[in-house]
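You will see two complexes here that share chain A, one where it goes with chain B and one where it goes with chain C.
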Partner chain A sequence: MTFVSQLVLALLEGTVSGFILALMSLGLSLVFGVMRIVNVAHGEFFMLGAVLAWWITTATGSFLAAVIVAPLAVMGMAIAIERVVLRPIRYSPGATIVATLGLLYLLQQMTLMLYGPEARAVTPPLGGTIELPWFGYARYKLVLAAVAAVLLLATWGLVRATTLGLRMRATQQDPEIAQAFGVPIHRVYRAAFALGAGLAAMAGVLVVPVQQAHYLMGLDGLLLSFMVVILGGLGSIGGTVIASFLVGWIDGIASIFFTPTVARIAASLVVALVLVVRGGGLFGES
Partner chain B sequence: MLSVREGTTLMSTEKLTRREMLKALGALAGFGALSRFLAPYVYAGASPQPPIKIGLQAHRTGIGAVYGKWYERTARAAVKVINAQGGIAGRPVELIVEDDGTDPKRGIEVVEKFALEHRVDFIFGTLFSHVVLSSAPRAGELKIPYLVVSEGYHVASGKLNRWTFQPGITDVRAQVTAIAPWIVRNLGKRIAMIFPDYAFGYDHRDFFSAAARKLGAEIVALVPIPPTETSFTKYFPRIPRNVDVIYHVMVGPAVLTFVREMGEFFGQRRPKLFGFIDSLEGVDLASPGLEYLEGSYLWEALPRYAGQYNTPWEKQYREAVGVDANGASKTDPKDVSTYSHMFGVWETLFVIKEVVEKSGYRGPKDYRAFVETLEKIEWFEEGLAHPQGPKRFVGKIHQAFGQQFISQVVGRKLKVVHRTKIEDGMYKPEADYTKQPL
Partner chain C sequence: MPTPWRSILTLHLGILAALGLLQFVLPPFHLAMITRVLLFTTYAVGYNLLLGYGGLMSLGHAMFFAAGLYGAGLPVYYLGAGPGLAFLSGLMASLLLAALVGALSLRTTGVAFSIVTMMFGQVCYLVTISLNRITLGDQGLVLAGRLAPVRVGNWILPLNAPSVRYNLALLLLATVLLVTLWLVRSPFGRVLVALREHEERTRLLGYDPFPYRWLAMLVSGGISGAAGAAYALLFSYVGSAFAAVLYSILPLLWVLLGGAGTTLGPLIGVAFMTYAVEFASRVTSAYLVVVGLTLVLVAIGLPRGIAGGLRGRWWWLP
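Our next item is the complex of A and B:
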């Protein structure tokens, strides 16, 4: 393969994985920005989305049903978790880390018990490949990227142009003042947590046809999401999306020239360097 | 309370009469094989002999959970058969299972728990090499026989210790040495290798490359893939267009993605494919995305589909573990087994039985006799105890050698096209555990 074709492939792959990463990280970033908590179990919402997608698709034969039902189900679960786990500990940052770590294991092991240790795949709703001169590329991956782009835009619109978004931004800036102005911050917290979980679950649903559902898959994305959120600046939507693509592209391009392990090191190094120069991330407050 | 006391009294009286009966039975046993048939009935009552305790270090959770589930099922099935045959040296077998989470650190703790808390006689059944590499040294320190079912070359390499054995499954070096000639002869001489970027993958890389080069083949690309990778398309450009064969060995849940992306990338222009069933253990060959494997070849240790290795022993073994003709659970056709690995658990338990009985082992004070007896064994005959086939055991390196199978994916099933001989995989031992002090 020529250098150009390799580069094209690396950019394509980097973009697709960037979109998935952006969906997942955006939820994490929202939850951190609005609620000031670190949700260690965020990856498990991604996993639950994937596992439910498998279940629903297998039971109904319709992937579209999974796209609609799975994220809603996970959002419902997130609302319950917010009420039962996070509110009683008053969103205390330290206690939340411990509690969500417990949640991570709980969700993971429950999935192991109910769904099993196997990796299961779903047939892509849209098969076939696009034949480029040098290689073939799955059509579904391009659809996936497009759907993710629409969802990212919708989330941005929600935060920028709706009352809920306004309240979220107000709570993010200063919860006490927001409350003084009549913002129901508990409800805002609940909405932010559910939205974050829903985005992660949607990412999970979308990857099942190209990857597979497995009870440990939540951990794969979690580390990268943390990296992305820190790089983009905690709580910044634009920063999170840009950082997702940066990480995706660096990983994709570096794995052409170096071994994959070196690519990972390179991506981590870039993050570390950015943080040395800008402690708050690319778009965060320092 | 009263009833409990009564119960106790009743039991002890009964025990006395049983003991007398046993004496009589013992006398009878001296005359012939009668004891063999009576033994199960003896155990059905109050056990006159303390059980032999065997600890299964299982990957119940973590990345190895699919294997762990089947290793445990196989172990339970084997123990049932052994106990029905009269146990080990007339003693019933008690299986104790502990989960190590497929985690090296917990692996060490499990070994300690088995040795110090459960006080088992033997520990066995560990699969993932990183867990074996962490646990085996601790077993050596605690001086307790540790029999792994791992495939790794780590036992045979001499890296571990005199207490660690692998008598129930062959190692990667033997496997790839045995199948290399078939690949080079039938699939082609320009070979690209895709393998996991850790010890298990390096065994494949080093030993297959060496074996293939000796046969005049050329390894045109080596593509290591980190075990946590979830997308693979970006690695395929490293494979030159004019290769004859892609040799792939992958472990973990991402294999479905791997095969699917390989299909998308190469399309109809694909080279021939040779893979290891390790990638697809626990995975239904009819899963979406695996269409691309149609016509390709896979190594198997024991054919997943019934009738491909047609022996009465294989049939009995399959039946006892509860596996159907497609290699899945009899109760759930979607629950696919790890058929090319789990027989090792079965065979290892029967090895323990054979060695305990040959060595006169009665308790931990007889460990020396157990170890030395096992080291002297040269053959395990094919039979219900060894349904995968006969094994040549090399005491110096604590490793068994056996036959291998090459199968082709035909109609989303596996059909055996070649079976190697035991000697095809034999290599010169590079270590000698028997010289280590006990």
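Our next item is the complex of A and C:
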């Protein structure tokens, strides 16, 4: 493989994983923006989406069924979690981190019990490759990118142009004043949490045909979406999407030159230093 | 009304004495378990200094434990260092790391501090993995057979003898406990607590938060590293599992479960969790479910009890 073709491949792969990352990080950013909590269990929704997608596809033979059912199932679970765990602790930031850390291990270990330690893949719903001048590229990955793009646009439209979106933005600006104006903020919280979980789950579903479903895949996803959200700025949909592609491309290009572990070390350091230099303003202190 | 100094000291010395006597009645299996509990309690005491008294929730403390672990284990494995020197080297490694990470991460507070420490913790974990040729990554290094016994005068204490392990772990815990007790009651400790309770007001009184928090981070990291170094020497094993996220989450759980800002608390938290995990691991391979369940229950069931320390204004986002 020549260097150019390697580079093109890295950029393509980076774009595809950028789309996945954008879906997932948008969910995290939305939940943080509206509810002002850091959901450490966000990666587990991603993992659950992937595992359910494998399970549904294997049981019914239809990947389309998984695309529809798995995110809805995870959203239902998120609504239950919001009611049983987050509301009793009143979304207090410190207690939420502790509780969602607990959920991280609960969901991960339950999956280990029910699904097992194996990594399993689903055959892509449409095979074949598209011939580029340098190499053939899997057609499914392009479809994946298109579906993710549509979902990102839909989320943007939801936040910008619907009553629910208006209420979310009002709650994000000032929950007390929003409530004084009759915004049912608990329902808004529930909707935001479910939507965030659903986006992560959808990312998980879409990724199963190209990457295997495994009970430990959530943590990596979580750390990557932390990076994206920190680099892109919270609450900004555009910033999140741009940062997702940046992280995707950097990860892709860095893995030409370094081992994945070294690339990940460098990325984690950069993100930590960005947070340090910006004095935590991103997480709302100032 | 603060509890008088003398009754606090009596309580702690009483607990340490009870732990000292415990070794004569414990069967061998539990002696080893409690030795582990003592080391992890030392780790928890170090963590508690930052969380309970400093109000700072680190999610990357495993890096300090691991710095102590590797700082002590690698010289033994590769250079044949003696136990005393290895322990000091582990302690120094964790102090250096804490000085550096503290200087950077303490520019943030609240949730951002948690995320920054989590990222640094992840960096350190990945470093132990990527230096595979030296550390053997997850597989780890076994120190057994390379470790000289400790010599005190004419006594020769082999580190693989259960009672030697137990008493050295207890000695470390006792030292650490008394030092932190003294520290949190010193003027330094009072400023630290004042900063936790009301940063603005403390600033107005003329205290700069940074040096106090940095020193707290240094001591906290150093104690965690000492626990790690002792773990490497007493259990003859060094592996990157101890640098992973789980070992950053566990001290948080131990301290919150037992009660932040108390001394007996971490001991109870560690003992409970160590046994819970041990028993769960006999039943299922998904034994960490116990950790998850306890974390959720602690967050829901003891919101104010734990939060007392956490609920200072920097735990609220604006």
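In this text, the second predicted complex is superposed on the first by the 253 of 286 C-alpha atoms of A that agree within 3 Å, B and C clash if a C-alpha of one lies under 4 Å from a C-alpha of the other, contacts with A are read in each partner's own complex, and residues count from 1 in each chain.
We take it that a residue touches a chain if its C-beta (ideal position, glycine included) is under 8 Å from a C-beta of that chain, and two chains touch if they have at least 3 such contacts.
Just so it is clear, the model here is predicted, and its values are computed rather than measured.
Shared-chain residue A:Ala145: touches no atom of chain B or chain C. In the overlay built on the shared chain, the residue A:Leu206 is in contact with neither chain B nor chain C.
In the superposed model, A:Ala272 lies in contact with chain C only, and not with chain B. When the shared chain is aligned, chain C comes close enough to touch A:Pro93, but chain B does not.
In the superposed model, more residues of chain A are touched by C than by the other of chain B and chain C. In the superposition on chain A, contact of A:Arg264 is made with both chain B and chain C. When the two complexes are overlaid on their common chain A, residue A:His214 makes contact with chain B while staying clear of chain C. After overlaying the two complexes on the shared chain, residue contacts for A:Leu106 are found with chain C alone; chain B is out of touch. Of the two partner chains placed by the overlay, neither chain B nor chain C lies in contact with A:Ala197.
Once both structures are placed on chain A, chain A residues 109, 112, 117, 259, 261, 264 are touched by chain B and, in the other complex, by chain C. Those residues of chain C whose C-beta lies close enough to touch chain A in the complex are 57, 59, 104-105, 107-116, 118-120, 122-123, 126-127, 129-130, 245, 249, 252, 256, 284-289, 291-300, 303, 306-307, 310-311, 314-318. Residues of chain A touching chain B in their complex: 1, 5-6, 9-10, 13, 17, 109, 112, 116-124, 129, 131, 135-138, 210-212, 214-217, 220, 252, 255-256, 259-261, 264.
Those residues of chain B that touch chain A in the complex are listed here as 61-63, 65-66, 68-69, 197, 224-226, 228-231, 233-237, 241, 253-257, 260-261, 264-267, 282-283, 287-289, 335-336. Contacts from chain A toward chain C in the complex involve residues 36, 38, 85, 88-90, 92-99, 101-110, 112-113, 117, 219, 223, 226, 230, 259, 261-262, 264-265, 268-269, 271-273, 275-277, 279-280, 282-285.
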